[in-house]
Each structure stands twice: as C-alpha cells, then as structure tokens.
Amino acid sequence: MTSHLALMSCLLVLLLSLDKFLLHYLKKRWLSGGSIIPRISSGAPSKSRRSMAAAGSGAKWSETAMLVIDMQKDFVDPAMGSPLLVAGGEAVVPTVAEAVAVARERGIFVIWVVREHDPSGSDVEVFRRHFYSGGKGPTAKGLKGAELADGLVIKKGEYKLVKTRFSAFFATHLDSVLKTSGIKNLVIVGVQTPNCIRQTVFDAVALDYEKVTVIIDATAAARPEIHLSNIRDMKNIGVETPTLEEWRR
Amino acid sequence: MTSHLALMSCLLVLLLSLDKFLLHYLKKRWLSGGSIIPRISSGAPSKSRRSMAAAGSGAKWSETAMLVIDMQKDFVDPAMGSPLLVAGGEAVVPTVAEAVAVARERGIFVIWVVREHDPSGSDVEVFRRHFYSGGKGPTAKGLKGAELADGLVIKKGEYKLVKTRFSAFFATHLDSVLKTSGIKNLVIVGVQTPNCIRQTVFDAVALDYEKVTVIIDATAAARPEIHLSNIRDMKNIGVETPTLEEWRR
Amino acid sequence: MTSHLALMSCLLVLLLSLDKFLLHYLKKRWLSGGSIIPRISSGAPSKSRRSMAAAGSGAKWSETAMLVIDMQKDFVDPAMGSPLLVAGGEAVVPTVAEAVAVARERGIFVIWVVREHDPSGSDVEVFRRHFYSGGKGPTAKGLKGAELADGLVIKKGEYKLVKTRFSAFFATHLDSVLKTSGIKNLVIVGVQTPNCIRQTVFDAVALDYEKVTVIIDATAAARPEIHLSNIRDMKNIGVETPTLEEWRR
Amino acid sequence: MTSHLALMSCLLVLLLSLDKFLLHYLKKRWLSGGSIIPRISSGAPSKSRRSMAAAGSGAKWSETAMLVIDMQKDFVDPAMGSPLLVAGGEAVVPTVAEAVAVARERGIFVIWVVREHDPSGSDVEVFRRHFYSGGKGPTAKGLKGAELADGLVIKKGEYKLVKTRFSAFFATHLDSVLKTSGIKNLVIVGVQTPNCIRQTVFDAVALDYEKVTVIIDATAAARPEIHLSNIRDMKNIGVETPTLEEWRR
C-alpha cells in the first residue's frame, strides 16, 4: 500500500510539473500506443499523415472550418469571478488568437461558438441552473461575462453560433451551416477539453466530418492530466492532435 | 529526463496492477477533489447523496431505466476475432448480467442498446467503413457477432434499441421512448467507457435526465487508466459512479 | 371539360370570398368528417373536449406554452417590401396580440420564435439563399425586417428563440427549454400556416406534447384555401383548432 | 347561403370524380400560380427545369436516392383490417412497384422506409398508443401487418430504415446514411401524402437536399383533395411533382 501511495505522489508531482516541453514529449511517447482503432496493415502510409500533407494545399482550406469554442470572459478571465472559470483557460488565449490569425490567412471559415443563456437560466443544463438568479449568471445574454476574451474579435465574414449545451452540435444548426458551406474538415480550439471540446469533437466524428483536428496547445482544461487523457481518447478515434506550431507548417 | 522516464515507468506499472481494491481506493481519494462543478455552499446535504437515498424508495424505480450498451459478441467475446473487441469487455459480462438482474427485481425498465450495421457498411462511421466487405463486418445485422454475449437475454417487456454511432441518443428515438415512458433517471452499464458509455452519458446530461448513474465495475475500456480518467470526467459533471455493490444496497 | 372549368371557377370565387363567418361554418361542417384518427368507440366523451375543459383550470396553464411564430416585419408588414411577405399576415397581427394578452393573463409561458439570419445567407435554406447579398436579406440579423411587427413586444419572463428553418424545433433547443420548464401543452399562433406553423405543429406531435392547439384566426397563409386545407390536416392528427374566441372562454 | 352550399356540393362532386387526366390538368393550371417562392426575375430558365434536364444524365442518378415510404400491409392492404389503413393506398401499389423498377434500372439507391413498433406501443406516438395491446398493433415488429405490400421486395444493395414517427428523418440515422453515400437528390413515393410523405419532404428541404421530387401518382392520401392540397404546398417550396410517366422520360 505504502509503495502505491509513494508512486501516486510521484505521479501527482510529475503531472503538476507538466510544461510545454513535457506535453510534446508525452504526446510522442505515451499517446503513440494503445490506439483502439486497428490499423489497416497494408504497406500504405497512414491516412492521417497523407491527409495532413494534402491539407497543406490551398484548395483544402476552403473546405475547412475552425470552431473557436467558449472563449468567453466567464470561462477564461479570472477577473470575472465566474463559478465556471476554467483553470487553464486564460493561459491559452494568446495561442487561440494566433490560431485564428493563421486560419484567416489560409481563408478558413472561422466560427465563433459561444454560450449565451437567458438570465432566467431556463435554457441552461438543469444541474447548473442554480447559478442563475436576479437576472445574472454565467454567460447570461447581454452581460460582460458572455463577451469574448480580450483580444478576440469576430471579423466580417465570420460566423457566430450560440449553443446551450456542451457540444456545439447539440440542438443547434451548426451542422447545417457547415454542410451547406461545403465544409468537410474541422479544426477546433478553445475550452474546455473534457466537456465542450470533446463533445463537439465526438459529435463531429459521428457526423462523419472527414478530418477533425484539435490543436492541443490552443485548448485547455482545469488540470493538465484531464487535458491529456482527453486528447488521448480523441486521438484514439482518429482525431488529429497537432500543436499550433505543427499545424501552421 | 531520466527521472521523468523512471516516473513514467512507475506509473505504468501502477496502472497495470490496478485491481478492484485500488479502484475503490482511487475513486474515494483521487476523484474526490478537482470537481469542476462548484458545490452550493449551503449547509444542505449534497444533492447526490440525497437523491441516492431517495432512489432507494420503490416509487423511484418506475422512473428509472437501465441502458445496457453494446454487450455484443463482437465487442466482448475474444473468440469472435473482431477488430473492435474491447480488451476489458469480457471481464465485465458477469457484473453486467448481475446488474440487469437487480434492475429486473426493482422493476426498472431495461433497454438493450446495440449496434447493428448493414453488411455494406453504409451506416457505419466513415472511419470504420473499411471493416465492411463481402457481406461481413463487426456487428453486421444477422451475423453472430451482433448477438448479445452469452448469458445475456432480452426478456419480455424489455426494449431493444439499435444505434449506429457511439451515443445511444445519436440519431435514434431513445429519448422519445424514455420521455414518453416517464423515465427521469438512467443507470448505465456496458462497453466501452471512453466512447459509447461516455457519449451516451454526456448526451443524457445534455438532455437533462435528472440522475445519471454509471456502474463503474459493469463498464470497461481497453485499459484501466482509460476507464478511470473517463469515470473522473463523468463524475465531474454530476454523474453518479457507484460500484454494483454500492448501487444494489 | 367546359363544365369542369365552370365548376373550378365557382370554386375559386367561393374560396376568394371566404369570410370569418364562412370559416366558422366550414370548420364545423367540412372538417368534422374524414378524420384519419379512428375514434375510440367507448361511450366516453372525446378526449379533445375533455382536455379542453380540464385546461380551463388554473393548474394546467402552468404546463402550457404559447409559441408566437415569425411575427416579424418582413413576414407581415407590406411596407417592408420583403419577397417573403405572407399575404394574409398583416390581417392577423391584432388577433395574435390579443392571444398573447390572454396567455399573459393566464400565466402561460410565452415564447417568441423568430427567424434571424446571417446577412451572408449562410444559415438560410439553400433554395432561399439567392435573397441574400450586400449584407441584406429577409429577417437578416440587426435589420428592421427582423423586428417584431408593430404592437408586439417581448415582456420580461418571456423567451426569444431563434430558428433558421420552418419548424421551431428543427435544429434548435426549443424542446429542451419546454421539457425542462415542465411544459406539456402548446398553443400556436403566427405565420404561415402551411410552412412554419404546420411544421412546428407536426414536430410537436412527433415529440409527444400532450395537447397541441392552433388558434385558427391567429394564424394565416397566402390564401384562405391554403390556410383551411392545412388546418384540416392538423385537425386530422388530433390537433385542437379553436378560434381565439373559443380558446379564451 | 344556399348558393354557397350548392357550390360546395359541386366542389365535392368535382373532387370525387378526379381522374388521372384531371390530376394532370389541375397540376398545370391550378398549382402554377400562388407560389410563395418568389421567382428570380432574370431571364434565366427556372432552376427546376434546368435540374430536371440535368438529372437526365446518368451521372446524377448516383447522387439520387428513392425513399419508398410506409408501403406496408397495415397501411395499404384492406384485408389486414388495420385502423391505420390509408384509403387511397392500395391503388398506388403497382405505380410504386414500377417507380422502384425504374429507379433500379437507373442505379438509384433505393431505401425502404418502414414503421416497426414494439408490440407494447412504447415507441408509438402517444396519440396512437391505444391501438397497442396484447402484443398486437399496427405494424408491430414481427407481425404480418409490418411486412411490405405484396409485390414489393427489398433487393440486395438496397437499404431498410425503421422509423417511429411521420418523417423518415425524425429521430433516425437516414440523413447520415444519405449524406455519407453522397446523395444530394431525393425521389419520394409511398403513403400517405399529408403525413409521412409531406413531413419527410419538408425535412428534406430543411436539410438542404438539392432536389426533392415527389411522384404524385405513386403517393396517396385518404381523399383526393387531401392529396392535391398537399402536393400544392410542397410545390410551393420548390419540390418537383411529376407523374411517374413524366419522371421516367
């Protein structure tokens, strides 16, 4: 028992000290095994690698959309004092802004997915409804907490989509907008990894988008190990998980 | 760097040696912190505990359904040689059978959620479509691999629901059947934790079922740490995660 | 052939001269037969009549919502010059306003369902997309045509729901808001009968709302015979179709 | 008043005497006006006509699916004594069979959409649930009434889709199968016009299928005027409404 506890302590120390370098390291060593998607054992290069290369050509970007998810003050700005603040959120704002800049250069369709709730809370998940009273609550329509984080701006030609649950596809017309715009590939950034990011990603896979990419240093969770385990699970169903540096090449 | 590798090795050893005892232990120590759902700081007992108690009364079971997910030969029986076998699946068949028995005793509505695909693969996720050819493929309609694992049987009054994606709610009439049957609470068993179980659970929460319960030793994944990290994330959005022993009390 | 044409002419004259009196008359004589819903031949009073009576009690109104659909300037105000003006729309604005007033008195939850489209047209039905260019188009977000008709105002405690297709339930979170608000019955007013009204009504029936009511003189179509034939079809699947006068009793 | 009644009588006689000739006649004269879709007043040929021509080329049929809806014994075979028999259903069985034959020749993907309900009635619309008891009810799974009408057979390579509500798209994976099969155009036959046909058609339009075609003599309703008024409304939102003879050219 004691040795187990010792190991657990080591593990915690290790995880809490995760930095960008380690993140990259782990991504390469740890996540590379254990995929639940059996590989086709032909001699062909893996689909991921091929499509990543193909995506480099200009033509493909017109079939790609970037979903920027929940980058609102109540989720990423500690100054708001929101009960739904994502611990790791503020740190990724600059990377998200940079990812959006790259998307714009490439002519990628940028979609800003935000939560906006009625101040009554009547369109919030039941388990969060107690946060709403007196015309206030996290990301309530018209309040400051619902605004995008400082430094993020919706430009002309970009689209704003309001959702009321984790997944950007749940009870929204997002799939409709994407499909009729000829979008086949999605690139996802924002917060937070285990909930809104992951649910959007799994729904995108269920909806058969050809390539779904999560930029792992432009997404965040409350704790690094939560972020990492969810990246692992998404990778296991065929999702691409580059860093911004890798994706912008 | 070397010490990091050493720690990682320790971690792997630790995870691979996880047994039932440790699972319980971890559940209590590790998962108890870090919840992203801020607790209401009134003196009231936590909702979870109250509703668990309330659920003990007979009345509640008539508003509860058990979803038994993907307990089909191709997912849990190694003899089938399916490319989609879930490594930890076979081990939980007896616990799932026991959970179903308890549900029946309590008069809980049992719903058997299964995948059944057209042998052409035309209704399978695009990224798995290469498994289907020559009239064969995992859980193809009419083939043995689509049958329930040995020992599991659908009884009269129970419902069979066919799905084609991870979530039991995705593009199915499950929500309709449940809501018009007066079901408010869900108990979930089956395979596998990061995909079909978790997606069903998150959709159930998005659909505002009042109480969603995952019996953690009647669900399984490819590896224990995948199972555990997903249980942690579900717990973090308010899902109950008892063992069968705890749930049957 | 000539006599057929003569009869057709008579028919057209007849339909174009339809007035309120005739509408009531037809409703009673013409629609009463031909229902495709076989009646249960017990001696019990018809369900419709019973539930209408029951609905008179105060308790029931708390489980009822009124959906006010598409009462926006571009649909009902000829002065806007919108290509999507509904010919019969302007005439029902006062009746809709009165219906809303009755709903408020009764404590019915009022939901204002509106179309609001991106000026790019990217979230409009493909077959209507040619109406959008130069930052303009019917009910484009922020433009005057998207506003409610003069005389209609959203009051505190009421809910505004944005949709992008005919049915108020299509790719929206309306069902979620209604179900978690405990709503079981719907009363529907607005424009226009064959499209947004009917699609919302049929979806409401498919979603198993217990009682769906369309106030027939607070809804309108391009021509009376279109209005009437759709009321007939809705009645045939169990929808209640009172006049405002009948409903307010 | 008397003259109004006289005209109504004339109208009824007229409608009840509708034959194929008249149907064509009405289609051209009556339905041509009053469209709610404003035409683009450029000199260009109408989109409908162009796409109908284009569809004649072989290439297009690979992007077309035929939906055969509800052609089950309980809906079209009077011998079954089903309470849900569609009066005009039996008469169109041969035309439906012929339409399917044409589709097969053209290589069109044929999808057989059927209702199959649990004998308990738990997945039936609430307003029809009283038909189910003692393990019986209209189109109950496994019973003869759920079988296709005599003369209709599902061939290899064709797809069977089970639905539980009017629209073939409501709570089913039909859109998923169609979209991932590259289908952009739909041709619809079966019963009955105001309910399952129309709801499927309106949902198809909402889902932005490029061309939606209803073969008007391979669909049927309880009465000719119900059939006709619904064809009119579908035509008004851009749906093609040829006869089989016109479509097969």
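Order of writing sets the labels: A, B, C and D. Residues in every chain begin at 1.
Note that in this section contacts are C-beta pairs under 8 Å (C-beta built on N, C-alpha and C of every residue); 3 or more make two chains touch, one makes a residue touch a chain.
What you see is a predicted model; the values in this text were computed from it and never measured.
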Comparing A-B against A-C, which pair counts more contacting C-beta pairs? A-B
List the centre-to-centre spacing of chain A and chain C in whole Å, with centres computed as mean CA coordinates. 39
Taking each chain's centre as the mean of its CA atoms, chain A sits from chain B at a distance in Å of 24
Residue numbers in chain C touching 2 or more other chains? 126, 165, 170, 176, 180, 208
Graph class of chain-chain contacts, one of line, ring, star, complete, other: complete
So in the complex, which bits of chain C are touching chain D? 4, 7-8, 10-11, 13-14, 22, 30, 34, 36-38, 40, 83-84, 86, 125-128, 130, 165-167, 170, 192, 194-195, 199, 202-203, 205-206, 208, 210, 222-223, 225-226, 229-230, 232-233, 236-238
So in the complex, which bits of chain B are touching chain C? 176, 179-180, 207-208
With touch defined as at the start, can you tell me which chain D residues reach chain B in the complex? 118, 120, 122-123, 126, 157, 159, 162, 164-165, 170-173, 175-177, 180-181
